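Encoded as structure tokens, the structure appears first; notes follow it.
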Amino acid sequence: MRKIVENFTVISNEACNLTNFHITLQSDHPLAEVFPGQFTNIEIPDNKDVFLRRPFSIFEVNNENRTISVLVKVLGRGSLTLSEVRTGSRLSLIYPLGKGFTLPAPDERILAVGGGSGVAPVLHLVRYAEANPGSADVILGAKSETEHLNAIDSYGKYAGLHYTTDDGTMGVKGLVTDHPLFGDLARYDRIYACGPLPMMKAVAREAFRAGVSCEVSLENLMACGFGVCLCCIEPTVKGNLCVCTEGPVFNINDLKW
Amino acid sequence: MRKIVENFTVISNEACNLTNFHITLQSDHPLAEVFPGQFTNIEIPDNKDVFLRRPFSIFEVNNENRTISVLVKVLGRGSLTLSEVRTGSRLSLIYPLGKGFTLPAPDERILAVGGGSGVAPVLHLVRYAEANPGSADVILGAKSETEHLNAIDSYGKYAGLHYTTDDGTMGVKGLVTDHPLFGDLARYDRIYACGPLPMMKAVAREAFRAGVSCEVSLENLMACGFGVCLCCIEPTVKGNLCVCTEGPVFNINDLKW
Amino acid sequence: MVNLSVKIKDLALKNPVMTASGCSGFGEELADFYDVSQLGAILLKGITPRNRDGNLYPRMAETASGMLNAVGLQNKGVDYFISEIYPRIKNYDTNLIVNVNGSTVEEYIEVTEKINELDRVTAMELNISCPNVKEGGMAFGVSCPSAEYVTREIRKVYDKTLIVKLSPNVTDVTEIAKAVEAQGADSVSLVNTFLGMAIDSETRKPLLSTITGGLSGPAIKPIALRMVWQVSNAVKIPVIGLGGIMNAADAIEFLLAGASAVQVGTAIFKDPRIPLQIIDGIENYLQRHHFNDISQLIGGLQV
Amino acid sequence: MVNLSVKIKDLALKNPVMTASGCSGFGEELADFYDVSQLGAILLKGITPRNRDGNLYPRMAETASGMLNAVGLQNKGVDYFISEIYPRIKNYDTNLIVNVNGSTVEEYIEVTEKINELDRVTAMELNISCPNVKEGGMAFGVSCPSAEYVTREIRKVYDKTLIVKLSPNVTDVTEIAKAVEAQGADSVSLVNTFLGMAIDSETRKPLLSTITGGLSGPAIKPIALRMVWQVSNAVKIPVIGLGGIMNAADAIEFLLAGASAVQVGTAIFKDPRIPLQIIDGIENYLQRHHFNDISQLIGGLQV
């Protein structure tokens, strides 16, 4: 599959809340085709303490404007520097990377679960699949209301939007798996999850119990992002697989969780 | 002597010409006393390829505004990054460093010669010494008119300003030592020079011939700037001396040129 | 026009820039970005006789101007390589060089004999310097007798250009280089990674599953360059230099220090196009400095 | 309140943070910035029996996350130190440790005997690892017999705490550490600089007058940390760790790897206050993690 290294221009960088930033990047050229669940490896500018690129899921894609966007959660030095990037500056991206989610068939009912920075790929999915609130539910989990992303209300046209927070300040109090929708998973044909490892494992456990096909998107540490270093591997029933090329999306049946 | 490590705020960064920048920095605290010829070691922000600080002569000092300024000539990666620094950003400075020039007595006649980035300390000197055009001459040398600094006309009140350019586009054509003032050095009590090594050596040769006391300010490569690493040494009649603490100003009689 | 081609014994390179083993897969991932026939050679990922899963995750940690890896020679074994991968890559119009590994001399021989049969594999790199495996690997590369022994045995079974990859984790790398030269190595490549370690101070745990791993990237360049210079002055066979090369200036420094060719490793992770940019940069340098042949740079350090 | 004090044999440190030799002069330059009595110890600039001019300029080159130096032990000799410098610094309320150097064992002994008489010099660091001198220096530190020999001779004439500073330019640093431990060293400090090299590709000349020099700074930290961890597991005497420490987290990593104390070198060039910031940072860490004694960190790596 053709991959590209290219300088994009930052056309906006909006704080969604204290620790999440929505950065939109414009290409000088027509975009390569991007599928939900694919990611980009971004060169962090100007930070003496960062050597390697940092991977981020591609959130929104606009082929007309030649833009893609990422949701960046500030976790450490690289994501912090990225969150401070200014409009007009140039960032080097390698994209599109990885294999995306298995797209649902038009008549399939889906549940997409996103936690923390994991909301980007699942929202990309419901939009790309042209889902609708009748056939798709999204549960977004966070620690507290203040960590929930604003400006995603527009996704209400693709899916029923549901929230959970650890402290109960928004939506259902508890973990994503505490949401009532988890009470009857059997009505879904497919479940998708992306977020912190414990969250994905909890979702996987419920999906497995309910016998519903489930895909998760892993965030293993990466050096290259395009398959040459073998640093990002995940043990699977098919042996050690590269998360960056054979993932980041895996069917839970293949994982050794 | 008390030395300080402190964050200054960039309050202006003006291009003097294509490769020279005048950067003014403000302290949060009253300034330490700075003598002409002393320098500051500046931490270069945001450049992955720069590890150490970079030394720059202190050009102008304004105790009321708590500002000092430097003239930065773009030579490589560090000076380039510094030249792009924005107003409002913070820079870490170590200052005041080194020993300055021997100040002229009130009745002494002086010639100060500056080439390239070496103009900063010699202009600082004539201003600090409260010289006047009757008793002080300054020769500024450059490759071409385009490399001469604008906005130094105000120094006309401290000294007669004279120019040389290699290509004759401004002032006398030739090297600084080709200037007619070098025809009769004996009328000066002291000569000061700062600039590229060949220039300083040429000035030193003439001063030595004319028997006039001459001080030069060296720009040896430095790691620390405050005397602990012994990387910046210059061989002198007194042995290897530290340019950063026992210089950067040396009497030519002490040098092994 | 300047001449960029060099020869390492029978190995003819159209230019002196190769990818480093373990940093360029089997060339296929680079081919997703550009035409790999522009490269001087592709050093294929380290191969062992049989499948190796490699070490547990996490296998990498970022360090100041570099990274540690603990991949541990994950590969599907030489037979899989020959039947599945080689047919896909054998038509790349560049040199394919196999990086040969083993836990015992017998294992090294087993891989070597098999790849000796492959027409399009024009040279082999004998890896006696991998710090990330429990048996074999670096153990062979840090003492003269063992380096001599494995080189001698491999020389017996390999006809084409034999490059021995040296470990930097030694007191005197010239001793090892001279030892393998004496046993018939056609070239030495250096350096492999330095044994290093990283700790998460907050969790108080090592950052790698294996505790220690191999350090690569610009951080090691000054040491690698010194070793290449020392070895170039100590042996007569051509030297291949690597360790932290990120751009053409870095590559030229290795050539000046005496390397006949260079390899680019970790830089590829930052930008897979860097090897091509280095080729262009070297050509540009030669023109700018009025040289017409790359050989004028090799060993051209003015001391 | 947390306890930061540690003991290295008879050397009592109020906290485990020392400056490194050659990076902090004789303490006087640091005293221009702050009260040096806050430091655990000051490692004084390397001293030889007689005046040494050191190497020619240029003596330093910047590298990726580090620097090369080729100072070559410039100093005015031990007698000048005793008569001119010692009287000025002897009242600093911290440990003064002399870094002892020589071209021959006799020279090492000469310096040692003289500084043994100085009340306020509470320990010595035997430098058998300087890569920047033609004779002596690193030559003593890269083989077990010579390291043993010089340590044994020095132990005979030195009563106080004897620290031996090890070179990282060796195949197995634990062998050297065990050898000097067996000869009565009270502690080992590691690492000294790595032998490296830098070239200006444009002028095609080396950047150092001596061609090669010593690499220090964050670039070397992963290798230094690995060596400290290996040595801590190999010897019973306390280990002092250094190499690229820039902040408290770095220092804590060395403590976790087994160092009883740390030294800060190149970081001082960037900001002379870093040793103090590290002391504060360690204290803060202990509080944050509910430790009350620094000893709970030492060797606390969870593997």
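Note that the chains take the letters A, B, C and D in the order they are written out, and that residue 1 is the start of every chain.
The definition used in the following text is that contacts are C-beta pairs under 8 Å (C-beta built on N, C-alpha and C of every residue); 3 or more make two chains touch, one makes a residue touch a chain.
From a predicted model like this one, the values you see are computed outputs, not experimental measurements.
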item: Minimal step count in the chain contact network, chain A to chain D; value: 2
item: Longest centre-to-centre distance from chain B, chain (CA-based); value: A
item: Centroid spacing, where centroids are CA-atom means, of chain A and chain C in whole angstrom; value: 36
item: Inter-chain centre distance, chain A versus chain B - centres from mean C-alpha coordinates, in Å; value: 54
item: Chain C-chain D separation of Cα centroids, rounded to whole Å; value: 34
item: Multi-partner residues of chain A (at least 2 other chains); value: 48, 50-51
item: Chain D, residues touching no fewer than two other chains; value: 63-66, 217
item: Touch-based graph of the chains, sorted into line, ring, star, complete or other; value: ring
item: Pairs of chains satisfying the touch condition; value: A-B, A-C, B-D, C-D
item: Contact footprint of chain B on chain A as seen in their complex; value: 45-48, 50-51
item: In the complex, chain D residues that touch chain B; value: 22-25, 29-30, 32-33, 45, 51, 53-54, 56-60, 62-67, 69, 71, 74, 217, 266, 268-273
item: Touch list for chain B against partner chain D, complex; value: 1-5, 43, 49-53, 92, 94, 220-235, 239-240, 245
item: Chain C to chain D touching residues, read off their complex; value: 63-66, 68, 142-143, 169-171, 194-199, 201, 203-206, 211-212, 215, 217-223, 225-226, 229, 244, 249-250, 252-253, 256-257, 285, 300-303
